[in-house]
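After this come two complexes, each holding chain A, first together with chain B and then together with chain C.
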Partner chain A sequence: MKFRGKILDIACLNHFTRVITTISKLTKTCVLRLTPDNLFFVLSGKVANGGVSMWCELSQANFFDEYQMEGVSPEDNEICLEVTPENLSRALKTLQNAKAVKVKLTKKHCPCLTIAAELPTLSSINRVVTHDVPVDVIPRRLWNEFKEPSMPDFDVSIYLPPLKTLKNIVDRMKNLSNFLVMEANLSGEMNLKIETDLVSVTTHFKDLGNPPWGDEASQDGGPSQSRDPEDMAQARVDIRKLQQFLMGQQVNPSKAMCNIVHERVVHLILLHEDVSLQYFIPAVA
Partner chain B sequence: MDCVVTGGNVKVLAKAIHSLSRIGDELYVEPQEDGLALRSVNSSRSAYACFLFAPLFFSRYTVHSGHTFRCKMAIKSVQAVFRSLASLEKTVEKCHIELDDQNNRLTFTLHCKHGLMKTHNLSFQDSESLQAVFDKDSYANVFRSNPRLLVDTVMHFPPSLEEVTVSVSDERMWVRNHVEEEGDQSKAMLTELCLASDEFDHFAVQAHNSVTFCLKELRGLLVFAESTGLPMSMYFDEPGSPVVLSVTDSVLEGNFVLATLSDDSNHRKKNNSRGAHTLPPPPPDDFMNDDIDSYLIAMDTSVAPGPSATGPPTPQLADSICSKQTAAASHRTRLHSEEEEEDKTTDSGRPPNKKFCSLFFGSVLPPSPQMSTQPVSSQQVLASDSEDDVQ
Partner chain C sequence: MPLSTQSQGDAEQYVLVASLDNARNLSNILKAITFKDHAIFSATPNGLKVTVEDSKCLQANAFIQAEIFQEFTIRDDSVGFQVNLTVLLDCLNIFGGSTVPGVSTALRMCYKGYGYPLTLFLEEGGVVTVCKINTQEPEEPVDFEFCSTNVTNKVILLSESLKEAFSELDMTSEVLQITMSPSQPYFRLSTFGNSGNAHYDYPKDSDMMELFRCTKTQTNRYKMSLLKPSTKALALSCKVSVRTDSRGFLSLQYLVRNDDGQICFVEYFCCPDEEVEEQ
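Up next is the complex of A and B:
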């Protein structure tokens, strides 16, 4: 197993740092899957994570100037590591003015992702910083837990309003209740509701638009097409999970979407050119 | 005592008090002939800090000669006088510090803009002189740099980190985080920074040592050094003997004396660091040297070895499989740590000694003006407080 990548461009470094910082806000630990073309940050929906799962996909070519990897074997040309994104984020944040940053898999006291950077100085010799972030190598028999989650057979798919607006509303609602109902229909309307014994609050959004998913998404002959456009699909979710997702946002997505499987799951998707982040929040009864 | 500080010096004084507050809970105030000394020591007496402001720092400075006065007070209450550093610079025109003999109060009066006057009457306790003895001239390793260099260095370490280890060779200084428990090591992130000697204004190394000391106090003095723009010096000898950090100007001097981890526990650390850094001397252009093979990680063998080994592996990969098959059969990627463990067992005869040596012992110091802030050349280490906890 070998991995080595090098980032020279400061904008790429910056972007990479933002993505990892966003992930670090979502989860304490996650799995980093390295393939010849992509990096994936994966959180599988275990009960310990509150049932939340995450899938973040980066194309290596958009970040790395050099990227070499050799997986476990030629057939399974992948590397699977358990990482603490917080550590990676902290290491990268201090290197924002670096001339070059290298990320490599090393064997020190334990397997590490070593982040080494060359910092500019006034002297003739550059300052070199290395951060050894301990990782766990995940054995191949466990890899199947970290496959891309299949797109749920959603009832409604809708574009999200500006995330900042959403965040402000969810932050307020958090003070009133622990659970929030997200509902949306196929005519571009979405509501955020909380209901307690004392108060009911609903925020209405309209004209959000529904993403055209084409044939491949309308599964089984497309239940969503035969659906009444006014009919709401809803899911009741833990408000903290949603808040966490909105709070850590540093990616500035060009597209933000939400798919709702009625009373099952909320599937949030952020797209930004080369990065896609998917986040699944299970519905609670 | 009666002294007046004006203009930008008020902020300097305030910054000094703030950085002293990083050390201990009490501020020791001693007006001397050669200036006003402000000192602090931490509860475990492993860190001591002293600022001496020369009479020229003040626009008026008078002490009653022949009548020595020393006191200590809660540093929080003094900090409260200079609470907002930002507004201090804009609003305060002068600060008047006066001893109110009759009421036994130390009075701080801030004269602000628009004729506003703020008076703080602070109570105090009498105290003995507090003095750590160190001789900066006797240290083997001396460094001086712009505070920016050290600020940029400590920035790479997390705020929660307690101790850093500094190692030096003739041309380089390495700073890395000190991880205490061996058990923690697998989880802790290790950070290391290498500074070249020509980044320093002055870089004199006689002993290739590494010392471990607390980061908190260093950060404290750095806040002061950075705001005043004064170069910062660092002096150290060997593990166990204190490291001295200092800033000097024509009108003020600040010295922070910090205990370092003693040799016993540091010995192994030092060996480790030798192994890690000096034995294979890092080539200057280490960063650019990229032999990817050196970053080989043991194969994960949890899948039945048959198919992967009999597959058509590249020559390199076959190599790696052969070399790892024996060692990493059951424990993945533990090869290296086993070697380490062996080292440890041979070493473990020693009791684990992770304590910082206390630098200061209680004792009463004759009130002699030379003793107070001048470095004293004797090896005896003195300091005093009300309690007599001789080591």
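Up next is the complex of A and C:
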């Protein structure tokens, strides 16, 4: 099992740091899967974390100038590590002006991701800073827990309004209630609703647009084809989970979408060129 | 659901409709009196009065005149109800209460009458939020019987000078003592805290003193915990009038200028803590 990577470009480094910081806001620990082409940050929906799951996919070529890895075996050419994204983020944040950053899987007292950075100096002597971030190696037999979640058979898919607007509204609603109902239809309308003994609040968004999920929808004629465009699909979710997702946003996505499986799950997707982040919030009764 | 289409048809069934182009003009002034959840709203053709009370010792009133609103329609001589102020403020700031110039939240506030919720329609950047805040039976606000004919001492100060004093006040003191007198020390704020006593004096001919009309030396103490909420009003205001009546009751009137330069008033009444022998 071997892994080493090198980032030379400062923009790539900043971007990588932002992605990891975003993830650190979403979860305390997650699984980092390394494959020859990609890095995946995975959180599988366990009861302990409120059933929320996350899948973040990065293409290594977009971040790393050098990238070598050797998985546990040639057939299973992958490495699975449990990491604390907060630790990675903190280490990376101190290296923002580094000339080069190397990331390497090492065996010290325990398995570590060693981040070594060459910092600029005025003199001719190089300064090298090394962070050892402890990780846990996940044995092969547990890998199947960290497979890419299948696209849920959603009832409605819709583009999200600007995340900042959404965040402001969700923050206020959080002050008023613990649960929020998200509903959307195929006419580009989305509503956020809360209701308590004291107050009921509904925010109406319109003209958001519905993403074309061309192939699948047209082939099987799926539910989205036969669905009344005005008909709302809804899910009641824990407001804190949604707030957490909106709070952590450091990646300015080019596309933000939301899929709703009626009374089952809210599936949020952020796309930003080379990065995709998916977040699943289960519905509560 | 644009605001304009909402307004026409429903207008007749509401006893009170008030609209603002900038919801901050309401939320800011309400912040100045937010120290308890319950707020009593009373509307008359002159405008809106919002009252918050604490322990029958402190009362704060915010007055928003009808002219401040772009539309203010009332079908009765007076309309009253009680709502949770914290909830109302969260609703008014649902879009984040942006302070960016050019971005403002439009508000339309409607009330159908006894037993109905207070309905807010808020719009910013094409997004509409509808809030229905449950109302309660309005309580009768305490009448402090503070009447201008019984006022013994009165000063009007620029808020700036009082802000400075309040920010330096020793909050470990249980009371704030206010001395007003036609002779020395004219206008004095005193605290008695852990680290000693402190006096803050204003000369009567200071630039900060816009009016000085004291007829009798009067020293009264007010609970610091009761006066503390009034600093929110002070922070927003440009002028403040400090008055005491013959019973030692304190009235603080704040003149608040909103985003559009219009003037509103906030008033605090406070009971004295105990009688101090007059000199």
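By definition in this document, the second predicted complex is superposed on the first by the 280 of 285 C-alpha atoms of A that agree within 3 Å, B and C clash if a C-alpha of one lies under 4 Å from a C-alpha of the other, contacts with A are read in each partner's own complex, and residues count from 1 in each chain.
In this section, a contact is a pair of C-beta atoms (placed from the backbone, for glycine too) under 8 Å apart; a residue touches a chain by one contact, two chains touch by 3 or more.
This is a predicted model, so every value here is computed, not measured.
Placing chain B and chain C on a common chain A by superposition gives a fit, with no clash between them. In the superposed model, the angle subtended at the C-alpha centre of chain A by the C-alpha centres of chain B and chain C comes to 70 degrees, rounded to the nearest 10.
In the superposition on chain A, A:P161 contacts chain C only, with no contact to chain B.
Applying the stated contact rule after C-alpha superposition, one finds that A:V199 touches chain C and leaves chain B untouched.
Contacts of A:D228 after superposition: neither chain B nor chain C is touched. Once the two complexes are overlaid on the shared chain, A:I125 sits against chain B while remaining clear of chain C.
Contact with chain C, but none with chain B, is seen for A:R172 once the two complexes are overlaid on the shared chain. Once both complexes are placed on a shared chain A, the shortest Cα to Cα gap between chain B and chain C comes to 8 Å. Against chain A, in their complex, chain C makes its touches with residues 1, 84, 86-87, 90-91, 93-96, 117, 125-134.
Those residues of chain A whose C-beta lies close enough to touch chain C in the complex are 161, 165, 168-169, 171-173, 175-176, 197-207.
Those residues of chain A whose C-beta lies close enough to touch chain B in the complex are 1-4, 68, 70, 72-76, 84, 87, 90-91, 94, 100, 102, 104-112, 114, 116, 118-119, 121-134, 137-141. Across the complex, chain B meets chain A through its residues 152, 155-156, 158, 185-196, 198-199, 284, 286-287, 290, 292-293, 295-300, 302-303, 307-308, 311-314, 316-317, 332-333, 335-337, 340.
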